[in-house]
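Below, subunit A partners subunit B and then partners subunit C, in two separate complexes.
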Partner chain A sequence: MFNSQLMLDSLPLLAQASTVTIKLTVFAGILSVVLGTLSAMAQLSGQAPLKWLSRAYVSLMRGTPLFVQLLVVFLTLPMIKIDNAAFEAAVIAIGLNSGAYVTEIVRGAIMAVPRGHVEAADAVGLSKFTISRKIVLPQALKTCLPALTAEMTIVLKSTPLASVISVTELTYTGVLIQSRAFTAIEIFLPIAMGYILIAQILLRLSRYFEARLSLRS
Partner chain B sequence: MIKRRDLLKLAAASATFGVLSSSSFADALDQAKKRGTLLVAIDPTFPPFEFTDADGKITGYDAELIEAVAAQMGLKPEYKVMAFSGIIPGLIAGAFDMTPTLNVTAERAKKIDYTIPTAASVNAVLAMKGSAIKSSKIEDLAGMKAAVKATTQPEQMMTAMNTDLAKKSLKPVQLFGFETIEQTIAAMADKRVDIVVDDKSVLVEATVKRSDLPLVLVGEIGGVTPIAWGVNKANSKLTAALSDGLKATKASGKMAELQSKYFGYTTDLPEKDFIPK
Partner chain C sequence: MDWLAPFQNMPALLGGLVTTIWITIAATICSLCGAMLIILADQARLRWLRQLVRVYIEAILGIPILVLLYIVYFVLPDLGVKLGEIPSGVLTLTLYYSPYMAEVLRGALGSITTGQRDAGRMIGLSDFDILRRITVPQSIGIALPGLTGLMIGLAKDTAILSVISVQEFTYETKLVVSRTYAPFEVWTVVAATYWVLLTCLEQLTRLGEYRLNRFREMR
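Let's look at the complex of A and B:
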């Protein structure tokens, strides 16, 4: 039988926990995009050491489970005398992990910028930095936005794993209530809807920026 | 600042005192006293030992016991709420001071230290009424599907029993690991498994909570295992202080009172030689 009272009673706790999920998604997402962009530029820079560094990073992050990465980051922090930093550890681990995938997304988008645009900019005497900033990255951003949004929804959905390192986010809060109330559907239905809502916000934001970027070009 | 000469003295002292020195140096107990809090890693999905109330506050047998012992030490418990699979790795890495409600096993005793026991656990087999199970003897369970909590002592016990079954050329019990006890029971209600194996008091609590299901306790399985709190091996001072605190709760009758409140019975617990070989 569906216990709607239990569902209503659980909503305040779940709402509180969803702020943790949102914060984790936003911070890890920002870290991921920054790292991924830098790493993609490193790979295309033509500098061998940078290229190898970026490739090593991508293989390391794509080749190991996020679960392991979370534990490694979380358990390394006390060794370097940083205590009580579970949330930060989760941001770092999820950001590092996703950054590897963002590297490939951004790299593909940069390579899709027509060679002629760069050559033309070079011919009129623009510096390498200006070419990157004004010609390559804006066009690449437009190309990679849909894939980047998809990656951010993956970041959102990987946040429950942070519960193994003591970040009490939305899903684990559900597990806590579930083990007290001995019932699941009343708890996980609102949780699923919570994730859909957050993902929808991400998608809408992405659509908005996509529309703005097409207007500008 | 520590000078090199002091370090040499320290090294000489360590050599003299052998094992003692490594444990008495920068014990987590001193750090906890400085901080004023006891860092407790806890997975409150395990009623009646630890669970959350409607406000999300952590409560249960071990939570109340921790509060009592910490108060004696002049400390406040600070809970690190996390899924069980992260707890023992974190304890070994020194991410927190202690964790409650660990079954004492020889395997774990190699990696972590235990306080004196806080409870005794006997595992039991839970099934649905009308199922074909004859008894909770392992031979009668051969070939069945069993739900257990992943990475817990009942799971390890069932794995060990499977090797015994293999020696008698019987089919092993197929094990399915879940995160919470509620999920194991839901799996049985959905007929995805035949039985649930877990701590008896936890299963009794579950039958009360899920009185809508025709659950039946088939019987006990395996021997009695003590339950204790786990501490990092480097912190023997903390382990000793926690054990002393537990002894005091025994003497004052507080432990017996909590046992009656949460288990419905009281139990005598050993203080020595409780770690299985």
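Let's look at the complex of A and C:
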């Protein structure tokens, strides 16, 4: 009943598709960390308009399904004359969505930086920008790394949604093979293992960075 | 721009919304039951059962929900289990969210000190009474924020069920969009509806949280 030949035959295709999944994860992850950090800094900046903008963004992203956000981004891009951009739409939607969660993570980490450090830097005469770059963010990064890793695995686990706008990543490739072969377990078993494997790699990478960061201090 | 389109198709959209709401409720109840089963199984004496549960939890933490949905919907029929679209959807959500809810419940139950349970036993309460009168009333206020977060996540994930043509809110929306050619307007109204409902749910439980934790302030 278990067709192991089919499984072996589909492995190269699946391996190729998983590079698309990894690319999606990396690009969306970078976008989400950049957006989340900016939005967290906006929330702590003390400027009312920036604060409200960031709050609205977080609330909107957390209050609607990623599935809907994905379709909205995908349908809006052609309106600003960007066509055939399914992959880009997926990166933007997943990045925007995850950025809201990263905002909360980074905000917590920034607030955990002792107030005295900022005051000391201020007293020494460092500019606001230098204080952020040299004092606050490096320390915040160390605190929020475990939570960020968890968020990145969530990003990885949301990439299959890109299949609904026909990005041929790992899951969609599986669906395509499955619809021709009329059998599922031989396809979805390796796919599930693939995701677990990629998540493990992510975890190891983050452990490595964590170890390096704590060595430096 | 055709802002009338979403409102002219209200009946179809509302029908989908109702399906979304009751799938959310059903799956939340099932996940809570699943979470309790997981906690019970974790305390069982059978070693293989504990290990089985651990493997299941690890697998769920690593697998995307869409892949799980495809496994339930495509693989189970090959193994002789034939489910309809909605039961497949509810089963997927239950399988996916039970371990997370178990984690929240375990944390909340663990936050009640053993001294309180010992005291209950000292004055002669049965195990069930200790659970009902001491452990659960105190831990429910602690578990509520986590459970609400998960329930909101679950409500949002019901949108994914549209890929196996469960006729919920997102699925109906896609149909309406293909009929009206007004994707932007319809999706905006639908997204706003999701946002309003989920934000209300969050605020409501915040009220409940306050009530349930009120006894703590009185110390």
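Here is the rule we use: the second predicted complex is superposed on the first by the 217 of 217 C-alpha atoms of A that agree within 3 Å, B and C clash if a C-alpha of one lies under 4 Å from a C-alpha of the other, contacts with A are read in each partner's own complex, and residues count from 1 in each chain.
By our rule, a contact is a pair of C-beta atoms (placed from the backbone, for glycine too) under 8 Å apart; a residue touches a chain by one contact, two chains touch by 3 or more.
Since the model is a prediction, treat every value here as computed from it, not as a measurement.
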Clash or fit, subunit B versus subunit C on superposed subunit A: clash
Contacts of A:Ala184 with subunit B and subunit C, given as first, second, both or neither: both
Contacts of A:Tyr195 with subunit B and subunit C, given as first, second, both or neither: second
Subunit A residues touched - subunit C or subunit B, whichever exceeds: C
Contacts of A:Leu205 with subunit B and subunit C, given as first, second, both or neither: neither
Touched partner set for A:Leu71, first subunit B, second subunit C, both or neither: both
Contacts of A:Leu176 with subunit B and subunit C, given as first, second, both or neither: first
Subunit B versus subunit C as contact partner of A:Ile82, first or second or both or neither: neither
Which of subunit B and subunit C A:Thr168 touches, first, second, both or neither: first
First (subunit B), second (subunit C), both or neither touched by A:Ala56: neither
Which superposed partner A:Ala112 touches (first subunit B, second subunit C, both, neither): neither
Subunit C clash site on subunit B (candidates 116-124, 170-178 or 206-214): 170-178
Contact residues common to both interfaces of subunit A (with subunit B and with subunit C): 71, 75, 79, 163-164, 175, 178, 183-184
Complex interface listing, subunit B residues touching subunit A: 39, 41, 44-47, 51-54, 56, 80-83, 85-86, 89-90, 93-95, 179-183, 185-186, 206, 209-210, 212
In the complex with subunit B, residue positions of subunit A that touch it: 1, 9, 13, 71, 74-75, 77-79, 83-84, 86, 163-168, 172-173, 175-180, 182-184
Contacting residues of subunit C [partner subunit A, same complex]: 59, 62-67, 70-71, 74-75, 78-79, 152, 156-160, 162-163, 170, 173-174, 183-184, 187-188, 190-191, 194-196, 198-199
Complex contact set, residues of subunit A against subunit C: 59-60, 62-69, 71-72, 75-76, 79, 153, 156-161, 163-164, 171, 174-175, 178, 183-185, 188, 191-192, 195-196, 199-200
